[in-house]
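Listed next: structures, encoded as structure tokens.
Shared between the two complexes below is chain A, which pairs with chain B and chain C, respectively.
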Partner chain A sequence: MENLAMHISNGIVNGPVAAAFGALALVALALCVFRSRQDLDDRLAPMAGLVAAFIFAVQMLNFPIFTGAVSGHLLGGALAAVLVGPWVGALCVAVVLIVQSLIFGDGGVAMLGLNITNMALIGVAVAYLLVALLLRILPRTVSGLAVTAFVASVLSVLVASQGFVLQYWLGGTTDVGNSIGGLAGTMAAAHLLIGVGEGLITATTVVTVAKVRPDLVYALRSLRPLSTAREFPVPGGAR
Partner chain B sequence: MGAGHAHVLYRERTSAVHRLPPEVKIAAMVVFTLAVVATPREAFWAFGGYLGLLLLVAAVSRVGLGWLASRSLIELPFVVFAFALPFLGTGEQVTWLGLELSVDGLYGGWNILAKGTLGVLASLLLAGTTTMRDLILGLDRLHCPQILTQIATFMLRYLDVLVGEARRMRVARISRGDDPRFLWQLRGFAAGVGALFLRAFERGERVYLAMVSRGYQGRMPGVWLATGAATTRHWLVAATVPLAATGIAAAAVVLG
Partner chain C sequence: MTIGGTRLTVRSGAFILGGLLVALLLAGVVSNFASAHPDGLDSSLREGCTFDADDNITGGSCPAQETKDHELADSPLADYGVKGVDNGYLSTGLSGVLGVLITFAVGGGLFWLTRRRSATATVTAGTGTVGTAGSAGGGGVTTGTPTPRPGDTSTPTGAGRTGTDGSE
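And then the complex of A and B:
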């Protein structure tokens, strides 16, 4: 059962639970739409599109782990949270999921509420809270930012995968009895590995962007700029 | 760069289904899927009925059954989950070919297999008959919040930008003596992923500024929105399939 990717397809979770999470996702997305109106300016609009495209592309990569018995994919919640903020970030991931379910049949349309709750809401929210916290604790250096992005990715993926376990426990169509703990364990183990892969990609991307265009990183907007060695005069002038 | 209007799953044909306005197709597909999911899993005949409806639409839209079958393999990971359930389920057991199988697990596996497959086929039919441009137009006409359609528009536009940049960087690597093979390619990719993102952003920013300077205000041109909107006749024609599916679902609930 580890082969379950994060996209829940039709029929895995029963109707009432899917409907309840659909309502929850709808309310939360409405809040995101409302809050992101002031965020989305000329700089953020293309960034939001690119983040969504990037997430769309990396979700196509399925990680085969353990000789193909386990597979999963990147979620991109942390990347979205760091680069475009929690409100627009959640919308970006939600858009990816909606387009995937409508066109590619990846994740059932009736299960959209569950998928959006796990990946767009839980994933982005956990990542953003961690980023906001860690950026204040850790030293304001490039490595501090890299660690922040990495930790936020790993934990947000883990927590999002447990969102599925909760939903399956509430309304799984097949009673797997006591093995719900086993399901939680296998999901956590598989997504720990996915989280590490995702953490590496997120950290590399965020650090590159922050070095060259720190103005584009939403999470750094309200904070002091990163202190890099480049601020000191170097022989031969700045590169 | 100019060919961003179709997508890999779009099938260029002329048919009544292709000509339907996108918003009625999206609505029909969503209602159909909801009807399928609401059907009790013991009503085997109902799922046959749904499949019949889908095959009818496929025949009218001329997308080809072979294409439909090969593309529906995307759901393979879920099918494996479905096959695992009979061994994991608890409760009453049956013996089949010497295997101890759970009855509840068998039903559960069938449930996922049937509903998942029907959902994938329905979305493939939508994808095969609707271009990306039309899809976003349809979502806009269905009063999807503008910020979502805006993100979706840029996402689809920038997917091409990303793929193009990735291809250029790969060519650049190869021409400098890199020899990308299956797994070793990953290292080069991982090292360059930040640069790829930045290059794609800078190109994407230029695309965005070009759009803004040509009058883009966060919405597709009014001409697109005004022409080809669905009429009552379109809604009635497209409603036949989801209505039939809802009828089957209701019958299955009552009889089941």
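And then the complex of A and C:
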């Protein structure tokens, strides 16, 4: 039987904790709306819509990890952070999660705050901080951008997965007792591998966009220009 | 990175359209070849339980046993399928196509409605876009950096802004 639940389902975390994170997510998204206005111009707005649609599409593409009995999918935080920046990026991922929950029955409606906190807020924030740091210290080449996207993806997915562990520690509905550490370990191991997959997808996508339209890559516009020296081959760069 | 108004608009439109086509292809066709195994989160929550071939819990104790039905499990597009379409490939693909279009419409629509309006857009065609985005990005990292109001860009500050970008 095909089980396509990709996000936190109803009943996993108790109501009060879910509601608290719902309130947190609402406040954070309101801040994002406020801050995103300075980024959103005639050029970024359609790009942001495309980024949301693209993340929705790629989230459907579960890829096998471990020996194949477990799968993973893109979360999209790093991709959004690089392409449209932190504020708009968090809103992009949130839009995807809301559409998935309200229309595709994926991720409980009551759990939306938890899912948004992990993937839209934590995922994008961690990714953007790393992108901002790495783009300054790595060489100004296409491979520098690729490495930046890859590392930001891996770590953002890893930290986002631990966001769930924290939520489960606060309000998990099954008594896992002392094995919350076990859950943390299982989640970390799985999401390290998912992060590698996410990193490859994100790096490929970002490098492709940077080669076709570098002006549409927020991180390159805002942090510094990409060098014209392209001595490294582009991974999977379909032209 | 100076930008010629009309030509850019056309190229941007082409880029968005191209990207949308890729997304539609991924969600509409490639999605059928995705792994159907539980994802990292789901499999972590199933640790401790045993399952039969239909994915029903047959024993043990695990977080997943508390899973409740989704509020909108009867939605016409629930579980990435189109209700009433029996062919699995068609159902998944069609739901993916609709999902991409809905997400683009909702996301793009909201972003378009909340974007900075034309008064500043005409300025951004000249010097603004790169510089403004630069200071915005700086504000994102070091919160509290005073960002120039988008409307204040009537003075030609191209050189100064480029300097800001480089030093950031």
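By our rule, the second predicted complex is superposed on the first by the 216 of 239 C-alpha atoms of A that agree within 3 Å, B and C clash if a C-alpha of one lies under 4 Å from a C-alpha of the other, contacts with A are read in each partner's own complex, and residues count from 1 in each chain.
Everything below uses one rule, namely that contacts are C-beta pairs under 8 Å (C-beta built on N, C-alpha and C of every residue); 3 or more make two chains touch, one makes a residue touch a chain.
Since we're looking at a predicted model, the values are computed, not measured.
Participant: Following the superposition defined at the top, how do chain B and chain C come out on chain A, clash or fit?
Facilitator: clash
Participant: Contact-wise, after the overlay, does A:Thr186 reach chain B, chain C, both or neither (first, second, both, neither)?
Facilitator: So A:Thr186 only meets chain C here.
Participant: Could you tell me if A:Tyr128 is touching chain B, chain C, both of them or neither one (first, second, both, neither)?
Facilitator: In the superposed model, A:Tyr128 contacts chain C only, not chain B.
Participant: If you count the residues of chain A that each partner touches, which comes out higher, chain B or chain C?
Facilitator: More residues of chain A are touched by C.
Participant: With the two complexes superposed on chain A, say which partner A:Gly108 touches: chain B (first), chain C (second), both, or neither.
Facilitator: both
Participant: Just chain B (first), just chain C (second), both, or neither: which does A:Val99 touch?
Facilitator: In the superposition, A:Val99 touches chain B and chain C alike.
Participant: Which of the two partners, first being chain B and second being chain C, lies in contact with A:Leu170: first, second, both, or neither?
Facilitator: neither
Participant: Where does A:Gly15 make contact in the superposed view: on chain B (first), on chain C (second), on both, or on neither?
Facilitator: first
Participant: Give one of first, second, both or neither to describe whether A:Thr204 is in contact with chain B, with chain C, with both, or with none.
Facilitator: A:Thr204: touches chain B, not chain C.
Participant: So which bit of chain C gets in the way of chain B here: 99-107, 117-125, 135-143 or 153-161?
Facilitator: 99-107
Participant: Which chain A residues contact chain B in one complex and chain C in the other?
Facilitator: Shared contact residues on chain A: 1, 3-5, 9-12, 33, 36-37, 40, 42, 45-50, 52-54, 56-57, 62, 71, 88, 91-92, 95-96, 99, 101-106, 108-110, 173-174, 176, 212-213, 216.
Participant: Write out the stretch or stretches of chain A touching chain C in their complex.
Facilitator: Per the touch definition, chain A meets chain C at residues 1-12, 33, 35-58, 60-65, 68-73, 85-88, 91-92, 95-96, 99-106, 108-110, 128-129, 132, 161, 164, 168, 172-174, 176, 182-183, 186-187, 190-191, 193-194, 212-213, 215-216, 218-219, 221-225.
Participant: Which chain B residues qualify as touching chain A in the complex?
Facilitator: 7, 9, 26, 29-30, 33-34, 36-38, 41, 72, 74-75, 77-78, 80-81, 84-85, 88-91, 104-105, 107-109, 111-116, 118-124, 126-127, 135, 145, 147-148, 150-159, 161-163, 190-191, 193-195, 197-198, 200-201, 204-205, 207-208, 212, 218
Participant: Once bound in the complex, which stretches of chain A touch chain B?
Facilitator: 1, 3-5, 9-12, 15, 18, 33, 36-37, 40, 42, 45-50, 52-54, 56-57, 62, 71, 88, 91-92, 94-96, 98-99, 101-106, 108-110, 173-177, 179, 200-201, 204-209, 212-213, 216
Participant: Please output the residues of chain C touching chain A within their complex, sorted ascending.
Facilitator: 1, 3, 8, 11-12, 15-16, 19-20, 22-24, 26-27, 30-31, 34-45, 47, 53-55, 61-73, 75, 77-80, 95-96, 99-112, 114-116, 120-121, 124, 129-130, 132-134, 136-141, 147, 150, 165-166, 168
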